[in-house]
Amino acid sequence: MYRDFGTVLIFAMLAIVLVYVPLFIQSLVAPSQKTPDKLDNYECGEEPEGSAWVQFNIRFYVIALIFLIFDVEVVFLFPWAMVFKEMGMVAFIEMGIFLLILIVGLAYVWKKGDLDWVKYNVKYGRGRYRQKASQTEGEAVGSI
Amino acid sequence: MDNLQTYLYISAILFSLGLYGVITRRNGIAVLMGVELILNSANINFVAFARFGGMNFSGQVFALFVIIMAAAEAAVALAIIINVFNNLDTVNIDDARELKL
Amino acid sequence: MNNLLSISLFLPELVLTATIIIAIIVDIFSVSNRTSKVSNYVIIGLLATLAAVFLTNHSPTTLFMDSLAFDPFASFIKSVVLVATLLIIIFTRYSNEFKGYHTGEYYALLCIMVFGMFLMASAIDLITVYLSIEVVSLMSFILAGYLKNNPRSNEASLKYVIYGAFSSGIMLYGLSIIFGLTGTTKFFAIRDAITTLDSSSNLALTLSTVFVLAGFGYKISAVPFHFWTPDVYEGSPTPITAYLSVAPKAAGFALMIRFFNQVFVDGDSLSTLGWYADVSFAWPEILGVISVVTMTMGNLVAIQQNSVKRMLAYSSIAHAGYMLMAFPTISSEGVFAVMIYLVMYLFMNLGAFFVLIYVAQKQGGENFEHFSGLGWRMPIVGIVMTIFMFSLTGLPPTVGFIGKFYLFVAVINAGSAFYWIAFFGAINTVVSLYFYMRVVKTMYLDGNPSEEIIVPPLSVTLILLVLAVPSVFFGIYWTPILNWVNNSLLFFVQI
Amino acid sequence: MTGDMLINYALGILFFPLISFIILIFVGKRLPRQGDVVGIGTIILTLILSLAMFGSMLLSHDPGFRHEASFTWIDLGDFEIRLGFLIDNITIIMLLVVSLISTMTHIFSTKYMEGDIRYSRYYAYLGLFTFSMNGIVLANNLVSLYIFWELVGVSSYLLIGHWFEKDSAADASKKAFLTNRVGDIGFFIGLMLVFTALGTFNYAEVFEGVAKGAISGTLLTFAGIGLFMGAVGKSSQFPLHIWLPDAMEGPTPVSALMHAATMVAAGVYLSVRLFPLFTPEALLFIAYTGGFTAIFAATIAITQNDIKKVLAYSTISQLGYMILAVGTGAYVAGFFHLVTHAMFKACLFYGSGSVIHAMHHALHNLKDHDTDPQDMRNMGGFKSKMPITYWTMLVATLAISGVPLFSGFLSKDAILAGTLSFASHHPQHFLLPVFGFSAALITAFYMFRLIFMTFHNQPKLPNVYSDIHESPKPMVFPLILLSSLSVFIFYTLPYFNPLSDHGWFMELIKAKDSMVPGSPSAHDIAEGMHHSHTLTMILSILVASLGILLSWAVYIKNSVSADNWSKRLDLYYNLSLNKYYFDENYNKYLYQPFLRLANRVSYIDWDLYDKYFINGFGHITKWLSSVTGRIDYDGLDQTIVDGLGRSMGKAGSSLKEIQTGRLQNYMLFALFGVIIIIIFQSF
């Protein structure tokens, strides 16, 4: 079993060598002319605007949270996959139920509009992200 | 590195760092990170014990569950902190002092 | 018992899970914003769960490869939790704090919390212990902060979540050390393993169990792990405060009873219990001190409160202290007394909170001044509140007296080494008289009695009676409760 | 009817009045007719259930019938108290009497109490009263008996003080309550004696214990006398009789209920129930108490002018008879008299209520509020105006006087036979029959005095007289019903011999042997009574007619002047008129010294105990709490927590901000606690 991992190790080392050695050689031979444009961050050819240290939109957090939760549940799939053959149908049904519950959660998130980037039915409180109070006061409230 | 003690030391250091973070950091998110450190120190313990103690899988299983729970807890805590931020315009937990004797 | 066989005895939890999923689905597909719809489904689901709890009869055994116990004790705690939950749902429907909030998921969260408490009541494996505590905690964090636009509620949930995460982290670290020392996560195996430990592990064992105790202490809000309690209780919506002070506490006590009675105790069944002799633990002293300090602290600080809600929060700390009195004795009598107290506490505490909810709506506040003259203006509410206050103090002929009576009997019967606990308990009861009677005094002696009489609507009267009548009835005729508890005093015990 | 069904019926009988009480006390005022229909409806249901039980008893015709059901009330391991029902023929008859009289009271009150400001509350209390009395009757053990016993005390207190605006009514209710307490102390002592000796409260088990000799001799005598003291209080026997006449301050229907069926009957019922445990000494005590009360109260009744007071003393006297019967061993006769007496005494009270009602109306129309509507000297000649009241009351009076053809004759005759036979066995106790017969003579005299003064002769106040009317139907109906129940036939069926008490009653209620070893058996007592039966009959008819004749001579013929006699017997007359100065002497020798003592004690209580001890305790508590508060928030927060924070290496200006962060202080403190516990554990 360790031998299998040895193969993987050799493979990984080869991958590293094969990537970094050409890069190293290239840095030796390539000419180097530093201009402001070249030193700038590469953003798909667009001109970068402002600092990278901006505050992100709060939506990122929400999406990240949702991602986090669903992502972590996958942890359970790995041990399941290991014993799937031995346990057969029972394991399949169990995991089906598990995923079904997750899907209900997904449906919930979807319905609540948390997957939409622009969310209309959110009424924020009195803090920084409060919307124009006159627009949304008294409307239905969704969840973050 | 294949020595149980080493892992226990690492875990203990991690635990202490977590405690320190929880107690000293003002930022709510940083406090949460401290909590995560504590949880992960326990996780290291579990896995190390399971690996070196010649025990059954319970340690690993426990670690899996802890990961899940840590994620859920982090999600809930972050949501709450965002909500506090919305209302109070701050994530500093010592600014939340309205409720007291 | 293996997994497939366990399913049949897992019926209450399955029904509960179905209820949760149905609640979420109904909430998703309901077009209108009427929240009572979801609560109707949830009430039906919880009633079905209650029926399932009573219907699943089997001799004590374990489920899912020894990770959960199935025994009458667990069923008892489950029923207590369910009754509390049903009452809280009714309170919520009545409360106007949730006006303007979508409460569909509120009920689903409540049910998930119930699920967690079911697990707490039957956990006999470190994994399930941690999982169940976390499930309950997570749901309570969200519920405490349910009023998203209310800064106090936000603050409560913030404090709660950080404190809770911190406590459970510490507990988890303790659990990991226990696992390392014993090499297992099952209670019974841990008990066997502890006997073979040599004395060099004593410090590690002490450390780990104290860490675990910190987690339990946080759950039942015992000094010095109680600090979150008053803030969270004050900030949370009142129905949730009421709920937190009863149901999770009951489950926490159940878990603690199981943990201490099955891990640190010598003997195979409840009748031959005794503290574990080999390891030099000072549990009786430590738990005794914690109990005394908890009730003293709860009572003394409660005296100084001006908000009735906060007073009740501290009083619930004091009651946790009373219940802890029976722990050091580690006798079946002590467990019996705690179980009786849990039932009695359910009625009187929820009753007091419901009166608080009603008065806060009618009077616009939760402070003592809002209660002044209430006895004359709302006669029924006044009488009922007086009953609850008497009961919380522990005066006959109310349930509080019966509960305290059995606790004191258990402590005194345990021997002269525990007399000091009973002594402090008695003093504390006297101290608590002061602030409970302050409510009664405010209701009847203060204020202007000439104002017109307000008669609460029939539904409110009914809820009040549902809580007040048992508070008196079981104070006079408590044999049914006694029988129930007696029959439930049966743990799963591995020989 | 099966036993379980009987229990269900009994549950209904017990709880219907309670339900009525609860409904009326909470929402009574908002119901139509102030809720009296609820009270009447439930009591009629109760009556129907009692009748059903009664019917089944007659049908099965089993003297030994007995059914018991009980449940555990308190279970403290080795200490267990069980409560429950005992249903036998005595219970069934008593239930019927209570429900019947209670129903009549409910109906009678619709008119009598019309327009009262606390009308619905009155009905609520009636329900409570009936509930408590039924509880006494159904009890199978001394504890529930005691509970209901006290409940009867409370509800009588509420009803007697119904018109509490009147000082006299408020005082009377207090007096009744407190006097009863005195008896109840004895009752409680007896109860505890029995329990400590036998470890049970259940009647049957107690009797069994007594039969086994587990409690005997002096202790049993004391226990018996203690228990009997309860009966002395409730049944208003000498020397605790003082509350009953004052209790006339309550509404008249309540008096009827109280005198006939509920409260005072409770004492007799208790003595009848517990008869098997009384020792001969205790019984002798009981007999003398009863006999003396009978004659004593009768002598007071002669001189009273208030119509209700006369009836009150006559009740005391009749109760004395019943107690006397228990004392002489003829307790079945006592119970028989309880039942017959319930009917005719209730009838008499309703009759007097009817008269007072009429007087009251007449006086009200005349705007005369000074004349006492209850004083017989203001009446006279009502016979023609109130014929139904007159005739029904006359029947009841004949019954109470012991005239043949009426029920009172049968029961009184049985009691007197019992005393005679007792005296023939124990000649030294010859006083008992003397008490009995002379009381019978006096009873006949004063009862006819009442009838003659009220209904015969010339009207004393003509303008009032002209305005007197017969009472409305709901008031007359109970009168007719109860007076017809005073006829012998209802008690002797299926036999028609007016001179013998032989009938269903005596067949169904068989005397039980006393459980005390060495007592005469029930058979012996019955034998003795049988032997003296004829003599008794002759004697009692003689004394009754003598009394009636005397009364006739004094009040109709005026051949003997009452005034002359009263002057001639000045001392006696004054004693009797003033009820032997009992209240005054109690006041002087009991209450006043006690009040002085209480003053002293209260000084200690208020000025010493309260001022120094309680307040001191309060101060200490307050101080302690502020100190802990300070420790908690100043001490711990500012010093220890801050110090810990410092020690944890955080230096500089941010230190201050951390220390104000409360949540982290909390967590620090929890950690601190953990550390303390670990240190404690390790050493």
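A, B, C and D are the chain letters, set down in written order, and residue numbers restart from 1 in every chain.
The definition used in the following text is that contacts are C-beta pairs under 8 Å (C-beta built on N, C-alpha and C of every residue); 3 or more make two chains touch, one makes a residue touch a chain.
From a predicted model like this one, the values you see are computed outputs, not experimental measurements.
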Pair exhibiting more inter-chain C-beta contacts, C-D or A-C: C-D
Distance between chain centroids, defined by C-alpha means - chain A, chain D (Å): 84
Between chain C and chain D, centroid-to-centroid distance (C-alpha), Å: 47
Intercentroid distance (Cα basis), chain C paired with chain A, Å: 40
Centre-of-Cα separation between chain D and chain B, whole angstrom: 73
Sites on chain A at which at least two other chains make contact: 125-126, 144
Residues of chain D touching at least two other chains: 629, 662-663, 667
Contacts with 2+ other chains: residues of chain C: 148-149, 158-159, 162, 166, 170, 231, 301, 304
Full enumeration of touching chain pairs: A-B, A-C, B-C, B-D, C-D
Chain B residues touching chain A - in the complex, by the definition given at the top: 61, 64, 67-68, 71-72, 74-75, 78-79, 82-83, 85-89
Touch list for chain D against partner chain C, complex: 71-75, 617-618, 621-622, 624-626, 628-629, 632, 662-663, 665-667, 669-670, 672-674, 676-678, 680-682
Of all residues in chain C, those that touch chain B in their complex: 126-127, 130-131, 134, 138, 141-142, 145, 148-149, 151-152, 154-159, 161-162, 165-166, 168-170, 172-173, 175-177, 179-180, 183-185, 230-231, 234-235, 301, 304-305
Residue ranges of chain B touching chain C (in the complex, touch as defined): 8, 11, 15, 18, 22, 28, 31-32, 35, 38-39, 41-43, 45-46, 48-49, 53, 55-56, 58-59, 61-62, 65-66, 69, 72-73, 76-77, 80-81, 83-84, 86-88, 93, 96, 98-101
Residue ranges of chain A in contact with chain B within the complex: 58, 61-62, 65, 68-69, 71-73, 75-76, 79, 124-130, 144
